[in-house]
Amino acid sequence: MRCSVLRVPMASPDDISGLHAYVERGVLDPSKVIGVMGKTEGNGCVNDFTRGYATRSLKDFFEDKNGISTDGISFVMSGGTEGVLSPHFTVVSRDTEESEAETDEKSLSIGIAKTPVFQPEELGTMYQVTEVAKAVEAAIKDAQISDLSDIHFVQVKCPLLTSAKIEDAKRKEKAIVTDDTYKSMGYSRGASALGVALALHEINEIDLNESDICVSWDKYSGVASTSAGSELDYCEVIVFGNSEKAEGPLFIDHVVMRDAIDGAVVKDLIDTYPDTSIVQVLAKAEADPSGYTRDRRHTMLNDSDINHTRHARAVVGGVLASLCGDPMIYVSGGAEHQGPSGGGPVAIIFSRTNN
Amino acid sequence: MRCSVLRVPMASPDDISGLHAYVERGVLDPSKVIGVMGKTEGNGCVNDFTRGYATRSLKDFFEDKNGISTDGISFVMSGGTEGVLSPHFTVVSRDTEESEAETDEKSLSIGIAKTPVFQPEELGTMYQVTEVAKAVEAAIKDAQISDLSDIHFVQVKCPLLTSAKIEDAKRKEKAIVTDDTYKSMGYSRGASALGVALALHEINEIDLNESDICVSWDKYSGVASTSAGSELDYCEVIVFGNSEKAEGPLFIDHVVMRDAIDGAVVKDLIDTYPDTSIVQVLAKAEADPSGYTRDRRHTMLNDSDINHTRHARAVVGGVLASLCGDPMIYVSGGAEHQGPSGGGPVAIIFSRTNN
Amino acid sequence: MRCSVLRVPMASPDDISGLHAYVERGVLDPSKVIGVMGKTEGNGCVNDFTRGYATRSLKDFFEDKNGISTDGISFVMSGGTEGVLSPHFTVVSRDTEESEAETDEKSLSIGIAKTPVFQPEELGTMYQVTEVAKAVEAAIKDAQISDLSDIHFVQVKCPLLTSAKIEDAKRKEKAIVTDDTYKSMGYSRGASALGVALALHEINEIDLNESDICVSWDKYSGVASTSAGSELDYCEVIVFGNSEKAEGPLFIDHVVMRDAIDGAVVKDLIDTYPDTSIVQVLAKAEADPSGYTRDRRHTMLNDSDINHTRHARAVVGGVLASLCGDPMIYVSGGAEHQGPSGGGPVAIIFSRTNN
Amino acid sequence: MRCSVLRVPMASPDDISGLHAYVERGVLDPSKVIGVMGKTEGNGCVNDFTRGYATRSLKDFFEDKNGISTDGISFVMSGGTEGVLSPHFTVVSRDTEESEAETDEKSLSIGIAKTPVFQPEELGTMYQVTEVAKAVEAAIKDAQISDLSDIHFVQVKCPLLTSAKIEDAKRKEKAIVTDDTYKSMGYSRGASALGVALALHEINEIDLNESDICVSWDKYSGVASTSAGSELDYCEVIVFGNSEKAEGPLFIDHVVMRDAIDGAVVKDLIDTYPDTSIVQVLAKAEADPSGYTRDRRHTMLNDSDINHTRHARAVVGGVLASLCGDPMIYVSGGAEHQGPSGGGPVAIIFSRTNN
């Protein structure tokens, strides 16, 4: 098995000309693609339709233009390219053919899975947590990773509550976790992240209750990255890790930023692998829920003009872009139970072939 | 002469409790204050009243609470604490008493000046450029700096056009540079910055025409920081440099970021002075007008929900805070003719007494 | 007793030149003022400092410029002048001197009162409900209104939770009603409105539980108008009604809009009093929490760029301004338990002297 | 010829389920459709991708689902459903078969046309004005309207300048009308509206210069409605009028609001046709560029958080919805040269069959 990762700039949410060009040039084999993570230029909040627009454009690209079923492809669109962040797709391919070469080195290995569809009343509950955990376990198996410590990034795309869904649940007299649409994104992200933590044994199931969701910030996953959107009603899961079953020049590692300006730990990670090149950076960002960063008051949670996830992406995007020298990276906002409170996981996919 | 710089957190635009506490504890002598630069938590754009609110609170503090005339104090409020940036005042004091100590080292020296009041039709014109240049020259003299290369930061607070001012000018049949209120901020900042460049001989007057303002981005000052606001109708100028006439542990130096993520040059500046502590960071930020950062498309100029100056402050604030470990720094947005296109000046005030 | 109401335009939150001019011209006697309701031009949400800035400017006007204690003056600043709404103060005066004239007609009568200071954990609870009810009763007494059906508008200004207050409560391990700053405004408005309903016997105390707050939308007051702000930590109450103890040309009446576009009922109210002039319109606006207006989906609750209270003010401000021909009216956003779900109370102060 | 107009609610920009249901039920014959005007739920400004997303969904609906070429269909998507405005499509069909019935009454007649593609440097120029005028003339012919006074609404969808287009023009050293993306929308709308005025002889070509565009507000069309978007680079034109060549129960009439709250003139129009029902309302809205509405200062032009077109749509949408009792109407923002300064045209399509 050989996994590859290709970044493709997009000029707008429906721009698949970059993908097309890579296929034309033989750089990308669309039949090997198992996932596309997009950073689209909407507000990244409730009424961000750039995620759905990009997903539709991608499906057209694979199905209409290349005749490939998208059933086996995981589409994860994360809205919000605040600050220097540059809209792009991260295309993940996997070639499962037997290889002649033998190697001792573990290489990048990626697996995908889906949860069942969630009802509005199931969002932000333990049911979501356990279903996500099951899907993560399936994706780990799909990635052929045997050691949980080899897992460095678990991306989950999860649903949110729109006002239509909220009305619907109320009509059916179902209790929902919140009737605030923006806030429902946090609950869905939080429950998904705890699902990752469960699957990776970062938390024991016995220590986790429904009341912990979006409350007990000390319970978190160091590798989860969860992103909510109105364009799906189940969860997509993509697991990134290293495996001896995989070959090729790519590998992944991660650190956990303790706050939004913890560039030092990321610089250390980069310096750990001197003779490599960076293929992609995957990170989560959040406004510290305490209202303080390094004991200094921030204003992100009191800002009624710009949602705090937008502020956070701008900051972490800037910090990471300044370190890796490239603003076309994946930074997603809202890090509930993803890394410590105010911080978040950062994974880097490196290539051993320094180009 | 001895200049000192004190940072004071504020809990809201009218919070002068921190100043009060410093006076009580004998840390701050209000009669020595010559300038206060504030980072207030408004949108930093046209309808940002936190700047005026903070100015009023400061005037009350000095006049009512301490009986000190504010005629000799320069108030420069810059709105916008996007991302991790933390609202605070930078209080600049100057003690001009003769000192016994003799020293070869140049130390931080600060001077202030004002321009005359500008009419709406004068904003963004060569008249504003030359009047600002004169005020900068006066402030340099006030700072007792003889060598222009010793100047590392020139802060200008300048007016903008509100819709009332625009209407007024139209009634009087005066031509104004733009009838877009947000855009007028850029013209006023741009003309002010070129005034600084003129005073510092970074550009020759003969090479500068009115048509260069907000057009010829290659003409710029490497130390200008200009900020527009509706709370004044003239310009306040504060010059920061080093002088052999000044004593004390503080000194200032600067670099020019070539783009919003050029943290490397700032890290180099910090590393140049290993046995010092950072007292304050002063910087300008802007969204690259080309629409690209490091050849990657950014979306700041197409964003009709969040103005680009807000994006830019969030990014540069994050990058600088990650380097100096403190989000309570001064980062102002809109760097027209302040540093190269897309970049901006960064000055750091260091203390030789590493604490 | 004679109550008068004067509208004064403001050019900015600190503009008291209009008030000053009215005093100069003898139109306004500052010593008779008992309340000022302001419509200020901030976002009307959490980080709207125009409310506090205007309050400070008003206090300076009364205390410094006119030597009048503001202890007996109720300041109610409501932020948000979306759409055509025009920033202004509504200055309420009361002259309590015995009058010679006798009249059978009831005239406008206004009373004020305050609640005690609320702790963060008390906001949005039954404690707030009952304390507001007590203050409303006190204000009714102050207004010398004996018949509750003569009360047509009860304005309450109430506190909100900032992130600093939330952090503080958490440190003290106090349970708070929400940890979302914008959402806390709704809870505080909702509890205050139910307090009005209680005092006016629109709801019986026995039928009201804490769990009804911001849930049971069928429980509401038809005359409450409540507005939250960070600039105070108790509630200000102003009661508007008619009383036989009052004289003068002014009187008040009200209707309840069933939704944001129910202009018909307001037109009927205006048509009821043909030989009068409109002195001021006081109204509440909200985005229908069902997500629908007249069975048509609206997008205000899904909009992550503009808060729904801002949308609602723009709409209701437009509808009412088109009916009364004047955009300088008082429309406040967020009508939880103020009128039926999606609708809100509208009171009009008329003058019998049609000018 | 018989023209019909059908309003179809949409749950999101890609929701064509309503169209599908109408086809299923035999209410809509997709092969007769000549235009679709959409009110989509984006910000209606530069980075509003809901317009393109809806267009794409519509094209898929016609082409893939119904096998109909969309070459002959005009798609005009107008973003922004602020306030109560409800996202929907207005589907315009035309049946050109000879009819047996003869009638003296003029009925609704609709025609469409396109301009050539515009280069960035052509936007906001006289070239755009004259090309739009030609397309309007073609559309009038297509509608078989002989008397210009029978034309009551001319919808133009026109391009805007994105930062990519601006960069491109600069590289080619082409002068563009503005380098502000949001502002370019106004120039494109303004030039298009003057093109309508030219075609309808509301202005003589000799009286019109390039310098009038977005300057001489007294030159305007009383029936133009122009809307800018990044999803096309030419102009779509749809002409609505009455013709003796058309039959059926529908007809159209219009008035011109003199400002955003001029509901009175619209009420008069509705009252003119007592035994009819309203099929659709088509209107333009703008923030009065003077900064005043009925001599009261508004804050829409100074608001750096919400663009003025968004404010204006919320207001006019509310005023019109309150008069016709339905928020699912077409209100588009930015009325440069469309009606008098601050006002705008309002057309109503009535049905003689009052249902």
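Each chain carries a letter (A, B, C and D) given by its place in the written order, and its residues are counted from 1.
Keep in mind that, in the parts below, a residue touches a chain if its C-beta (ideal position, glycine included) is under 8 Å from a C-beta of that chain, and two chains touch if they have at least 3 such contacts.
Worth saying up front: this structure is predicted, and the values here are computed from it rather than measured.
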Comparison of B-D and B-C by number of C-beta pairs in contact, larger one: B-D
Longest centre-to-centre distance from subunit D, chain (CA-based): B
Between subunit C and subunit B, distance of the C-alpha-averaged centres to the nearest whole Å: 40
Whole-Å gap separating subunit B and subunit D, where each centre is the average of the chain's CA atoms: 45
Residues within subunit D bordering two or more other chains: 11, 41, 43, 47, 164, 297, 299, 302, 305
Residue numbers on subunit B that touch subunit C, as the complex places them: 11-14, 41-42, 47, 49-50, 52-53, 56, 164, 230, 305
Residues of subunit B touching subunit D in the complex: 43, 45-48, 162-164, 166-167, 179-183, 289-292, 297, 299, 301-305, 307
Complex contact set, residues of subunit D against subunit C: 9, 11, 41, 43, 81-87, 260-264, 293-294, 296-300, 302, 305-306, 310-312, 314-319, 321-323, 325-328
